[in-house]
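Next come two complexes, and both contain chain A; in the first it sits with chain B, in the second with chain C.
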Partner chain A sequence: MSTLSQSFALVFDWQILMVMLLSGAFGLFVGAIPGLTATMATALLVPITFFMEPIAAIAAIVTASAMAIFSGDIPGALLRIPGTPASAAYVDDSYQMTRSGRGPEALGALLVFSVIGGIFGTIVLIVASPLLAEVALKFSSFEYFWLVLLGLSAAIFVSPGSVTRGLVALVIGLVAACVGMDNPTAEPRFTFGNVDLLGGISFIPAMIGLFALAEVFRYMVHGHKLPPPLKPETKGMIRSQWAVLKRYPKQTMRGNITGTLIGALPGAGADIAAWISYAMSKRFSREPEKFGKGHVEGLVEAGASNNSAVSGAWIPALVFGIPGDSITAIVIGVLYIKGMNPGPTIFIEQATMINALFIVFLLANLLMIPLGWIAIRASTTILAVPQRILMPIILLFCIVGAFAITNSVFGVILMLCFGVLGFIMEENDIPIAPAILGLVLGPMLEQHFITSMIKSNGNLLEFFGRPIAAGLGIMTIVIWCLPLILRLFRGRKQAMA
Partner chain B sequence: MKRRSFLPLVAAALTLTAVTPALAEYPERPIEMIVPWGAGGGTDAVGRIFAQMLQQELGKPVNVVNRTGGSGVVGHTAISRARPDGYTIGVVTIEIDMMHWQGLTQLTHEDFDFLAMVNADPGGLMVAEDAPWKTAAELRDAMKSEAPGTLKASGTGQGGIWHLNMLGWMLSEDIPLQNVAWVPSQGASAGLTDMVAGGVQLVPSSLAEGRALIDAGRVRALASMSDEPQAMFPDAPPLKEATGSDWKLSVWRTIAAPKGMPDDVRAKLTAAIQKAYESKEYQDFMTERGFGLRWAGPEDTTRIVAEDDATLGAIMKEAGLAK
Partner chain C sequence: MRLGDRALGLLTLLGGVALFLASMQFSPLPGQKYGAETLPEVVAVMAIVLGLVMLVQGLRHESGMALVEITDWARDGGTWAKLAAATVLIAVYCVVLDRVGFTISSLVLVAIMLWLTRTRPILILPIAVVTVLVVQFAFGRMLLVPLPRGELLSLPW
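This part shows the complex of A and B:
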């Protein structure tokens, strides 16, 4: 019997399929609760997988994490509570779609393009792992510095309205990111002697505050003026995605590729991938003015990117035992326990198991469609709840979610502060999204800049001293200067005409 | 946390339905196990598997709660401030011997009742496979002779445990501390990646963290900071054998409780912990995962923790990392 049919026999066992179904449901449940992340879902499964067969254990983790990442988009779209920094990139679009009665359509798009992204990432994982892992190993702090800077530049592209306001928001995020001692010097900053602040501002409570709580405040203040959301129509939400795919094939593919490549880098994951993809989508779109106001195009590209990054993260994990994100960090431990030691030889020595793993990946992504459909159907009923009842429920979710991250009241206080901040920002037309980006990427930018400077003994030219770093650096600078160049070019053309 | 959301409910339902005997014996309700580090990390993995085993021994749910932040200060503080009734225990890590020297907290190892040491991973010495040094002695000589700043090391944040591991070794070999620059990183695997990418030359973290890269032939293990070679890395000699240095360091994890627990509760907990430690499941888990097994009872643990506190404090003062 060939290894492939052996692998199929391993996976298509009723026990494995049952495990996948149950862990899929578990992942959906966990991910849909604001504040509880896919990483959590995975960590919780570990003690249970310990008593399982190897393939069942891996299947449980793959399925649960994939589902949790998708279902993290549900509270984002319905209640404006993004589950992860990755889904914060497009939460304004999906929430605006919900408010105009197109919530299920937004979620359907996120579901279908998550699946497409996940499957694309898996195919790359199957065919190109050793090769891509080699490239990923070439990335050191110099390369990551430019990549993070590129991600931060996305703030300017994603913010609707004026660039200045986008910059203000970005700086707010960057300043908040300075708090704490998790910086390269391990020196406490802006903590005022408070032990909780030593750990810095964790972004989940901040995100919940800025987006969701601010929305609750807005309802309290302007409630009578805001139109109630339209009644959602869940019929055909999956089928209609076919038309979306036909309309945006290039965007889907671009999201897939960007996501997989960024995901394969150990130091960058779904967060940066989603933001860069969303920014790319807007930059190259024919209708950039619609972004942030309930447009599906960004959801397509960033949604695909986000999930393909999750598959991509497995590339360095399987080949070199280097975690591509916090989920694969846990997975590596499980692989060792189950005797599937990561390494370049895993593809040869453990061919049956690895093929089974790939089948599990594809199956888990396909399983997302029916399970996700049920989750969307079930969760959209919340939209039938009148606003005056829904808003206190959102507040409750916010508090629970913020508490859950640190298991302390500190998270709730943080969330309240950021809620007020978010309200003030929105009242003054300062966009929220760039602030989140600053908060998430700020510490990474600092880390990579400082470590690069230590390594180069303070020589700034070293940032262009390695081929990939030089390429990324030049790309970043060109992107910054592009509007200027274009304007000059057009000016001259007009003058000539 | 998820666990928190439904397990306590189940537990509460169970305790409500069961008729509590008049003379209740510890434990009569669920136990909370605080892990001062994030879900998914090594300490979390040890904490969770231990909670699972302890649950079987004690017959009551043991819930893991991650209290993260502030380089472990937040979680350790939470353990020490809990009521010493045996219903809150925690995983106390070696950072307890470092954070007070850094001036981050007043909290020291004296604020805990140590119940057992359940794991210890010796520090190591790793270089990239294409590095010119084939032995720890060659690397030491290079560290002595190269101009300051030529050689760079990474593997934790500034003043982190692996940084101290390198400094302690350098002090024992009379290598001037400024000869090797420390490049702070978010954990050992980030440092290892950077080393393979050519950013730094050495990573002094535990060898287990570099296992896949060592197996893949990308990283060479030069020494283990322990008395004996590690079973999983037979090619890495003990440091004493490799360079003649007496430096040793193991990063341990202990199960501890807030100070002042009743004696009967302590006896019962310690016995349960020992049983859990000896269980086949725990032993297998640790071995497969590449974690070092190390058992020490309450007295020995308290002694080891105090000794390491003095050693690490001395290094941090020497290196100017202490406040």
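This part shows the complex of A and C:
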């Protein structure tokens, strides 16, 4: 039996399909509740995936995250409150459209172009990953060192808000990554005599704390009382999108490409992709004055963009083990646990699993049409679930999830510490994504640096001794100098004016 | 409550200095210049430089402003109390979990959290009981997570 037919057999198993249906419903529910994000859905799902077969675990995460990114659009269209940050860019347009009786067009566009974006991103993932992997096979520790550093640098400069606060987040993540014995001399670092810390900071409880528990704390402080939603209309919702696609083919393609590329950048995920695509759509539109007042063009481009970013983020995660966004940061941990170590050799050693993963991606995006339609129909009920009841239940899920990872209270303590940290960080406009990348990539950075130094007998110039390494190194240094270059450029322009 | 650049810069600077001092105890690999101390020392230097930059930025742009900006919720003592109660509740839960067991401690935790989020009193107990039982069945029975039974259940009764 060929690899591909084996992969099809793996995915088209009733248990996997059932897992996809259930996790899809879970993702749609979490995404539709304002305040609960796709990353939170993934973090809460991980403890359950522990007990699944590898492909079922990945299918659950892929389906839940793709569905959550789409369903974040639903409260945006009905309440003017985005369900996830990825839907915030075009919330005014979708809400105004629903208010003015164009609900089916708005909701249909959000659903159909999410599917188109997701499928486009998946096709790029299928085509680009093996090609990139072939290049990556030639990489040594020098190239990997620069690649990790490039990823960390991109995460700082792409993340919204101040660069200095992004760097504070990175420092926090790197400090957390230093904890434990997993270092070149196996000395216990910053363990304070605690045996549980010898193994380092367990990543999943930390993520549950940063994304889910911090949200519970935020609810305790800010509270969210939702206004009554508009009634969703679904008549002709899908059918009307053919005309929209014919009217905006360029915008659709631009959203797809932008989303995939931004998704593939470490640290930048669906939310940033949506904002950039919406801005691009407005910038190149013939009717920019209509944006924000109920115009479908921005929805098409940004809606396609955020879902293609979900797939795009998997490219560096699979090929290099470098997460493209916070969701893939969690996924990398799951891949290791399931014996699917990310890296270029995964395409040779685990070809069946990788093909199965691609099939799961395509299937999850196709499933989005029926499940998304049901979610839109049921949205009034979903949005009626009171958050005051939901939050304590989420807290218990966080606790059990963190406990299940370590099978001890230590996981819960870790989750509590990171939950408090996440709350403080968000209150102080310190982004979470660079901290997560620091935590995930810190050990990799250290390992590749030390290996390179042993190979070159401590000669730092060797980092520029190979052509690809030198290229990556120069790119990284240019990114570091970019703010300075931009400032000089602006200063000269002002002086000339 | 939001720390300004000066306050956050100072904290980052102090953290960096502490990290550098703590990293000095680690040793390099035998025969090499680098080892366990390299990453923490680099991060510490990064934190020190970053802290200094933020301090300078803050002194330039935040003159006349408070070190810490008090946001809306931070002016309300009740919100602080609720936040502290939730944090302490989870911390106490961690302490008693092994002794009291998952069922009872989770029941108390969910019930108090529901009370803190102002759920109608009549609903608190039913919701807490159903939630804990469902979670216990799903994780404890189906997924075989060894949730602590607690010493109380081991007593003669």
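The rule is short, and it goes like this: the second predicted complex is superposed on the first by the 275 of 497 C-alpha atoms of A that agree within 3 Å, B and C clash if a C-alpha of one lies under 4 Å from a C-alpha of the other, contacts with A are read in each partner's own complex, and residues count from 1 in each chain.
The rule we apply is simple: contacts are C-beta pairs under 8 Å (C-beta built on N, C-alpha and C of every residue); 3 or more make two chains touch, one makes a residue touch a chain.
The structure presented is a predicted model; accordingly, all values stated were derived computationally and were not measured.
Novice: Looking at the overlay, what does A:A404 touch: chain B (first), chain C (second), both, or neither?
Specialist: Both: A:A404 reaches chain B and chain C.
Novice: Is A:T185 touching anything from chain B or chain C once the two structures are fitted on A? First, second, both or neither.
Specialist: Touch partners of A:T185: chain B and chain C.
Novice: Once the structures are superposed on A, label A:L137 by its partner contacts, choosing first (chain B), second (chain C), both or neither.
Specialist: first
Novice: With both complexes superposed on chain A, which partner does A:V127 reach: first (chain B), second (chain C), both or neither?
Specialist: The answer is neither, since A:V127 touches no partner chain.
Novice: According to the stated criteria, A:L486 is in contact with first (chain B), second (chain C), both, or neither; which is it?
Specialist: neither
Novice: Just to be sure I read the superposition right, which of the two partners does A:L416 touch: chain B = first, chain C = second, or both, or neither?
Specialist: second
Novice: Between chain B (first) and chain C (second), which, if any, makes contact with A:P266: first, second, both or neither?
Specialist: In the superposed model, A:P266 contacts chain B only, not chain C.
Novice: Figure out whether A:I454 sits in contact with chain B (first) or chain C (second), or with both, or with neither.
Specialist: It touches chain B and chain C both.
Novice: In the superposed arrangement, does A:I393 touch chain B (first), chain C (second), both or neither?
Specialist: second
Novice: Both chain B and chain C touch chain A; at which residues?
Specialist: 47, 50, 184-186, 404, 407, 450, 454
Novice: Flag every residue of chain C that touches chain A in the complex, lowest number first.
Specialist: 1-3, 5, 8, 12, 15-16, 19, 22, 26-29, 32-36, 38-40, 43, 46-47, 50, 53-54, 57, 71, 73, 79, 82-83, 86-87, 90-91, 93-94, 97-98, 106, 109-110, 113-114, 116-119, 123, 127-128, 131-132, 135, 139, 143-147
Novice: In the complex of these two chains, what residues of chain A are touching chain C?
Specialist: These residues of chain A touch chain C: 47-48, 50-51, 164-165, 167-168, 171, 174-175, 177-178, 183-187, 189-190, 216-217, 219-222, 386-389, 391-393, 395-397, 399-400, 403-404, 407, 409, 412-413, 416, 419-420, 427-429, 442, 445-446, 449-450, 453-454, 458.
Novice: Using the touch definition from the top, list the residues of chain A that touch chain B in their complex.
Specialist: Checking each residue of chain A against chain B gives 30, 33, 35-36, 39-44, 46-47, 50, 137-142, 180-182, 184-186, 188, 195-200, 202, 266-267, 319-323, 326-327, 329-330, 332-333, 336-339, 341-345, 404-408, 447, 450-451, 454-455, 457.
Novice: Mind listing the chain B positions that touch chain A in their complex?
Specialist: 1-5, 38-42, 44-45, 48-49, 51-52, 65-71, 73-74, 77-78, 102, 104-105, 149, 152, 154, 157-160, 181-186, 189-190, 192-194, 196-200, 211-213, 215-216, 218, 281, 285, 288-290
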